[in-house]
Amino acid sequence: MAVVYKNVRRAESSVVDGLGGLGVATIHEAQDRTGLLASNINPIFRGRRISGSAITVSVAPCDNWMIHVALEWCHDGDILVVAPTSPSDAGFFGELLATSARARGVRGLVIDGGCRDVAELEAMDFPVWSKCISATGTVKETLGSVNVPIVCAGQLVQPGDVVVGDDDGVVIVPRRNAPKVLEASIAREEKEAVSRARYQKGELGLDFHGMRDRLLKEGLTYIDELAAE
Amino acid sequence: MAVVYKNVRRAESSVVDGLGGLGVATIHEAQDRTGLLASNINPIFRGRRISGSAITVSVAPCDNWMIHVALEWCHDGDILVVAPTSPSDAGFFGELLATSARARGVRGLVIDGGCRDVAELEAMDFPVWSKCISATGTVKETLGSVNVPIVCAGQLVQPGDVVVGDDDGVVIVPRRNAPKVLEASIAREEKEAVSRARYQKGELGLDFHGMRDRLLKEGLTYIDELAAE
Amino acid sequence: MAVVYKNVRRAESSVVDGLGGLGVATIHEAQDRTGLLASNINPIFRGRRISGSAITVSVAPCDNWMIHVALEWCHDGDILVVAPTSPSDAGFFGELLATSARARGVRGLVIDGGCRDVAELEAMDFPVWSKCISATGTVKETLGSVNVPIVCAGQLVQPGDVVVGDDDGVVIVPRRNAPKVLEASIAREEKEAVSRARYQKGELGLDFHGMRDRLLKEGLTYIDELAAE
Amino acid sequence: MAVVYKNVRRAESSVVDGLGGLGVATIHEAQDRTGLLASNINPIFRGRRISGSAITVSVAPCDNWMIHVALEWCHDGDILVVAPTSPSDAGFFGELLATSARARGVRGLVIDGGCRDVAELEAMDFPVWSKCISATGTVKETLGSVNVPIVCAGQLVQPGDVVVGDDDGVVIVPRRNAPKVLEASIAREEKEAVSRARYQKGELGLDFHGMRDRLLKEGLTYIDELAAE
Amino acid sequence: MAVVYKNVRRAESSVVDGLGGLGVATIHEAQDRTGLLASNINPIFRGRRISGSAITVSVAPCDNWMIHVALEWCHDGDILVVAPTSPSDAGFFGELLATSARARGVRGLVIDGGCRDVAELEAMDFPVWSKCISATGTVKETLGSVNVPIVCAGQLVQPGDVVVGDDDGVVIVPRRNAPKVLEASIAREEKEAVSRARYQKGELGLDFHGMRDRLLKEGLTYIDELAAE
Amino acid sequence: MAVVYKNVRRAESSVVDGLGGLGVATIHEAQDRTGLLASNINPIFRGRRISGSAITVSVAPCDNWMIHVALEWCHDGDILVVAPTSPSDAGFFGELLATSARARGVRGLVIDGGCRDVAELEAMDFPVWSKCISATGTVKETLGSVNVPIVCAGQLVQPGDVVVGDDDGVVIVPRRNAPKVLEASIAREEKEAVSRARYQKGELGLDFHGMRDRLLKEGLTYIDELAAE
């Protein structure tokens, strides 16, 4: 049951990197509001937006052994995605593992668990999205698997899926859909640029999105003022 | 049941702005420790203190339609206060709505739900206090109401109430009480300045607040040292 | 039952300060993964690492009276460690108490409760680790105790124990163990420096920590690639 | 600020009792999905459905003094509705207060806090809906108010509002709306009886609620079977 | 994106029913500790153990439309497994839907959301495992999918997987593995019967599981008594 | 660091059993509102009240090895008190361990973690207080300690302390204080019997506890009725 798949099919790097130039919220919308990790997964420091190919790691709770195992199979441009088999707040990852990960070309970490050495990770500019910050140590006792499908923070992640993280959280783009999601995201951005310009001029979404008719049809009532208390 | 009250009585702008010069904790104390939103409502970025008049919005969970509706009735100096009718972590508000809100003179948002595009909102310097950061998209399907009394994060908010937010959270000042709360807050600040000066000199609150007698009367016992273990 | 122990045995200041030069995660590991406060205790602002001797304060929920009492017995280099007798999110501590604490030589606060005036505390550079940020006021009605053993965020804290806090959280080092924990922490840091250098060169922990044999013995299987979906 | 309003306008007892014959979910639907307390308010034992007129009590956290004060103003058929001014899990209410409450004609308690003596309360058949079960003691130190509007578990409750509780939770019916909510609830029950009969025969809601057209129009696609993995 | 797969491959009914005669904990162990839903999924009433084939339903938050759609494709012996696309505590399911489900042969419901009418559901003996009990109403506005793979309470569920629920929670057995998991579960039960008999006689697991050597090798120390405090 | 203390000083069995005849809430009050475990520790089934002497067990998260080790040192009348060194929801204890525990004379279990086989445990009438119900399996990999002081659900527990559990939760009585806490609890019960009789007759606590003067002195105001809205 403990298996390491050594090789992973990744999306084209132009697609991966293209998605990294867009926001998590935009991509989530562009793929029909799917793929978002739960909102308790947050960046340990603000201001980074990265994309990469998922190297998935299924670990035992409070045990980071398989992260060491996974690093051997990471390439330039990968992101580690780690999920424990039962909930754990332990600090599975810190500055030493980040040093190793960086040397292997890893761009960042997403973990449905805890992270530690956050000051050092920020100093190194190694981005992490985690459930909590915790110094709790982990052991190296129980096997797990690398590059199997995992459920991380409520989403299915396949090895090689595209992972995008920013200050809003993390979104997973299935590898095969990545090119068309990139296209749809760019289209969405262009549409939003038009909306933004109209909003800036003070126009209302009610008007240029044509919502007024539907509001009336649904029965919205306008009254001048709430009666004096 | 879905109603928009178009006009709202607001407090004097000198009062609203005066309250914005004081801290949330001070105002909360000055109005007898009332009006604080729950402590899980936090700023999406630090370092802003704002005040404004509440435009209240009651929305369906995962539905931001009524925020669009509310923007039409916002004036310079308003703050949107949004509460879903059942709990929701969705990202009801992002950079496009903030662009529209700013164009209408809105100073910020308070929401018992999620917010997204937080990097862009910080770049725009548009302050938001929310329950979480979440990229989850919302729909525009179900009517709600604007400028009705709502319960937001455990507090009753009436349209036109004064809203003050800073790094400590958000406090609501009922419109009619605002002038006297402003006065009481200023008085409190002056009293605190005196205390601060005495504390800085190393005086103890025990002494200049005269607590020693009451401590003794209540039975506090002083012992030199805990017996060796 | 309400007692103030006036004097506390503290660790040598060289030991206390020595521990302050090391990270919470390192110290936690060096003392066999003990002593960490729960991971919901976080710094109110980032970037500080401090150490000090614990002045323990047992308070009633929503009541900060005993913090005033405790300040009288604080020395240069102490850290206040406060735990309510039942859970409370109130804002027990703010800028005025911090002013007094600083004048008494206190280096910071650890509290299993809420803190307020966080913008002011950051401006003063007074570090606090708390369960939440909350402006909720507290009363001065019920006695508690100072310098008794307390349970704070899941850990037993004795007066005079060494407290170390940084961005990863807070660890408690029992006073008597402090010298040997300092030694073990320094040894650990030296060992980590060696590992870091090897990681930076791209070596794998699998190799230089000799994990491969044990992985095989436990039954880890390597497969080239996950079969096509 | 600490006030006791001695008298409360209540709904007709026939209306109050009529609502007690219906379920919380039905009433909540019949008044446009409003009035439900948060879903963390649960009965301390199962199998009771009660209704009554709200006697509201605003208490300090961990302080049950005002419940004693409120009991003096309770009538036959009332329900105590208690909310602390800041969150508290303490055990505000137990068997002794229930004995007193029963002697005053009180039918039950709703509290956004903790309750204790739950075995004894079940033996007495005194129903309580609370946030948790907790033996934590409370004090009698700080004043609060009786029969003022309060926010309890996210809902505004006015004194004299009708309170209905069952295994699904608690719903508040504003006093003035109570007669028409009763009527609407009964109408809803009758409609549901028709639906129930059709469901029992194996008919689909899709058919007798006529949903198929709208599903197609919205774009729902039917496919025979998921392709083999 | 909104798709209904009408037909589902199910496991042999003898296998499905065989698994229903075993406990959730046993099955979870027998399939290498995989497949358990998160521990916040609990039965709405105690004392039932059921098994069935998963009909999966992906719904919008606070929207139960697709449950109506799914019922058309349910067979005797199925269990509905429902997951919202973002977290929701609403009451998606109650007594009317249960009446319809029962008429279609459905044995029960598993939902990562809320359930209502729990007294009626218990009276009908219709078992449900849910995240909470909530009377909150839902809408029928947004499409979802039926019989697609979903993530429910942290586990991937494929249509046709075997679902087993009891007082300990819910476990998912992938359809193809079901026969061998049944076999392994029975073997485990037999082994446990032997252990039980030895435990009942007062034998220690330390002895008949032969743990003593390994404990000593790992360094466990036995001391007569903790030194007097 | 992994130590088993084989012998424990226990309180007199008459004292232990005497405390078991009283309620958790009463004992907690009688020892100055100390010793209660956190309110998230609940019985897995209702209706049992037990007392016993604490055998303390410090376990690794998701690892129940040391419970096996502890059973060897249990006597008639003991209660196992188990705390993991970092938070864990795993199911550390089930019917087989309960069978062994019963054979050793153990009366029940208190655990700041999960429990499984709850239907079987109820059928055996083996009471457990736990943080959750979870079928998640545990391993036997990491040493811990038996009969050392532990922190369990926020309270320090020493081996040999008296543990009392009922439907309200769990309270710890330090061994040396047990005789006088028993006495104080009995005195409290007698006082409560008097109060109960007076409450039953309809007397108000306000009167026979003489609260009216203090209420007036603190400034409580009585008003006939809230002004019409």
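Details
Letters A, B, C, D, E and F mark the chains in the order given here, with residues in each chain numbered from 1 onward.
Throughout what follows, a residue touches a chain if its C-beta (ideal position, glycine included) is under 8 Å from a C-beta of that chain, and two chains touch if they have at least 3 such contacts.
Everything quoted here is computed from the prediction, not taken from an experiment.
Looking at the partners of chain C and chain F together, the chains they share are A, D. Shared numbers divided by all numbers used gives the overlap of an interface; between chain B and chain D this overlap exceeds half, so the copies present the same residues.
Inter-chain spacing, taken between the CA centroids of chain A and chain C, is 30 Å. For this pair, chain A with chain F, the centres built from the Cα atoms lie 42 Å apart.
Per-chain CA centroids place chain C at a distance of 40 Å from chain E. Residue positions 33, 36, 86-87, 89, 134, 136, 229 of chain E are each in touch with at least two other chains. Applying the touch definition to all chain combinations yields A-B, A-C, A-E, A-F, B-C, B-D, B-E, C-D, C-F, D-E, D-F, E-F. Interface residues of chain D, counted against chain E in their complex, comprise 23-25, 28-29, 33, 36, 39-40, 42, 46-47, 49, 166-169, 171, 192, 195-196, 199-202, 204-206, 209, 211, 215, 218-226, 229.
Across the complex, chain B meets chain D through its residues 1, 32-34, 36, 38, 85-87, 149, 151, 154-156. Note for the complex: chain F touches chain A at residues 60-62, 86-90, 136, 139, 141-142, 229. Residue ranges on chain D touching chain F, taken from their complex, read 2-9, 45, 65, 68-69, 71-72, 89, 91, 94-97, 99-100, 103-104, 114, 116-120, 122, 132-137, 140, 143, 147-148, 158-159.
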